Amino acid sequence: MQVSARNALKGTVKNVVVGSVNTEVTVEIVPGVEVTAIITKSSAENLKLTEGKQVYAIVKSSDVMIAVD
Amino acid sequence: MQVSARNALKGTVKNVVVGSVNTEVTVEIVPGVEVTAIITKSSAENLKLTEGKQVYAIVKSSDVMIAVD
Amino acid sequence: MQVSARNALKGTVKNVVVGSVNTEVTVEIVPGVEVTAIITKSSAENLKLTEGKQVYAIVKSSDVMIAVD
Amino acid sequence: MQVSARNALKGTVKNVVVGSVNTEVTVEIVPGVEVTAIITKSSAENLKLTEGKQVYAIVKSSDVMIAVD
Amino acid sequence: MQVSARNALKGTVKNVVVGSVNTEVTVEIVPGVEVTAIITKSSAENLKLTEGKQVYAIVKSSDVMIAVD
Amino acid sequence: MQVSARNALKGTVKNVVVGSVNTEVTVEIVPGVEVTAIITKSSAENLKLTEGKQVYAIVKSSDVMIAVD
């Protein structure tokens, strides 16, 4: 499946924190660059997300903001 | 200003495409890793975004999805 | 690719309106049920979206609201 | 109240999972087509969401992605 | 219609900028407090948004971030 | 840091509800106008959010909808 979301960052799952409805997943893109996702607990289970797994962090470009110092 | 968004990826503006209401901004995080943002035209103007500028791509973690091959 | 987004509604492209930066895509899920997406113009081009094409409308569950009459 | 969100899919609540802050609500649009929403626990309580209730799943079109096989 | 989105800020339309696909709408909540929305051009037309009109700016709470100085 | 998000509403934290993964934060903008945010528990901890703290509620304009009565 090919998705219209412009941003698909390849990485490795570093950490998974399971909540009651949601799960927090931290993905290392390259050393020092991490992306954190909140997805539903059942999605995390469906995707069998565990530390070390190769994944993509997907973000729709309309959900990205830009900041400057 | 410190923002609650968990993801602030430091990078360099690579490309700016100006539309009628929105502007598309591509940020290189590291060579080979780019993030594209759609922000309002006036925000892009306020931040004086031009190629080569150091910026952060900011994403709220609830807007990140995870995909696997 | 398998995505964590819980909602993947199968349908057929009914209409495509191309803007300067964004493109509006209307997908018929079943007769009488349509979903409209705003995606970047370049995503729409990459996916070669034209009327009649079989697609999925993907929505992260944290982006769905509930309303009652 | 009439909302600018382009997508208002009429359906029936199939399942409600209550968490500590958020609640997951599954809505059947037509048999075989379901949409899952994560809303705050207090919103779910305000709307008195229970199985069988007629509701609308509301999605802003900028939150819809398109995928192809 | 009652929506699960927790934030419905009552205000007055101050400005409407029409683009090719999207429209930017600025709403004054109270003097000095404004909220800007990007909605589809056709939604803005359906709602007949013009300066001075009484409206609500609706935001899902999962789309709100918090920042501190 | 200056963020592209068009909406930065200054206010005071009125209430904080801590969940297992997420935290709900209610901010009073002016008396009678409140905004509720769902952010990650760790973000809320990083920002040391407690009642009475001066904060900004930040919303990207593409996440704002408009409704009329």
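A, B, C, D, E and F are the chain letters, set down in written order, and residue numbers restart from 1 in every chain.
Going forward, contacts are C-beta pairs under 8 Å (C-beta built on N, C-alpha and C of every residue); 3 or more make two chains touch, one makes a residue touch a chain.
Since the structure is predicted, the reported quantities are computational estimates derived from the model, not experimental observations.
Looking at subunit C and subunit D, the chains that touch each of them are A, E.
Simply put, subunit C must spin 120° to overlay its Cα atoms on subunit E, rounded in steps of 5. With respect to subunit A, maximal separation of chain centres occurs for E (centres as means of Cα atoms). The equivalent interface to B-E, defined as the listed pair sharing over half of its contact pairs by residue number with it, is C-E out of C-D, A-C or C-E.
With every chain reduced to the mean of its CA atoms, the largest distance from subunit D is reached by B. Mean C-alpha position of subunit B lies 29 Å from that of subunit D.
Subunit A and subunit D, compared by their mean Cα positions, are separated by 23 Å. Shown for subunit D are the residues in touch with two or more other chains, namely 1-6, 19-20, 22, 24, 36-40, 43-44, 47, 56, 58, 60-63, 65-69. A list of each chain pair in contact follows: A-B, A-C, A-D, A-F, B-C, B-E, B-F, C-D, C-E, D-E, D-F, E-F.
Note for the complex: subunit E touches subunit B at residues 17-20, 22-24, 36, 38, 62-63, 65-69.
Only residues 3, 5-9, 24-25, 27, 29-30, 33-39, 43-44, 47, 49, 53-69 of subunit A touch subunit B when the two sit together in their complex.
On subunit C, the positions that touch subunit A within their shared complex are 1-6, 37-40, 42-44, 46-47, 56, 58, 60-62. On subunit A, the positions that touch subunit D within their shared complex are 1-5, 19-22, 40, 60, 62.
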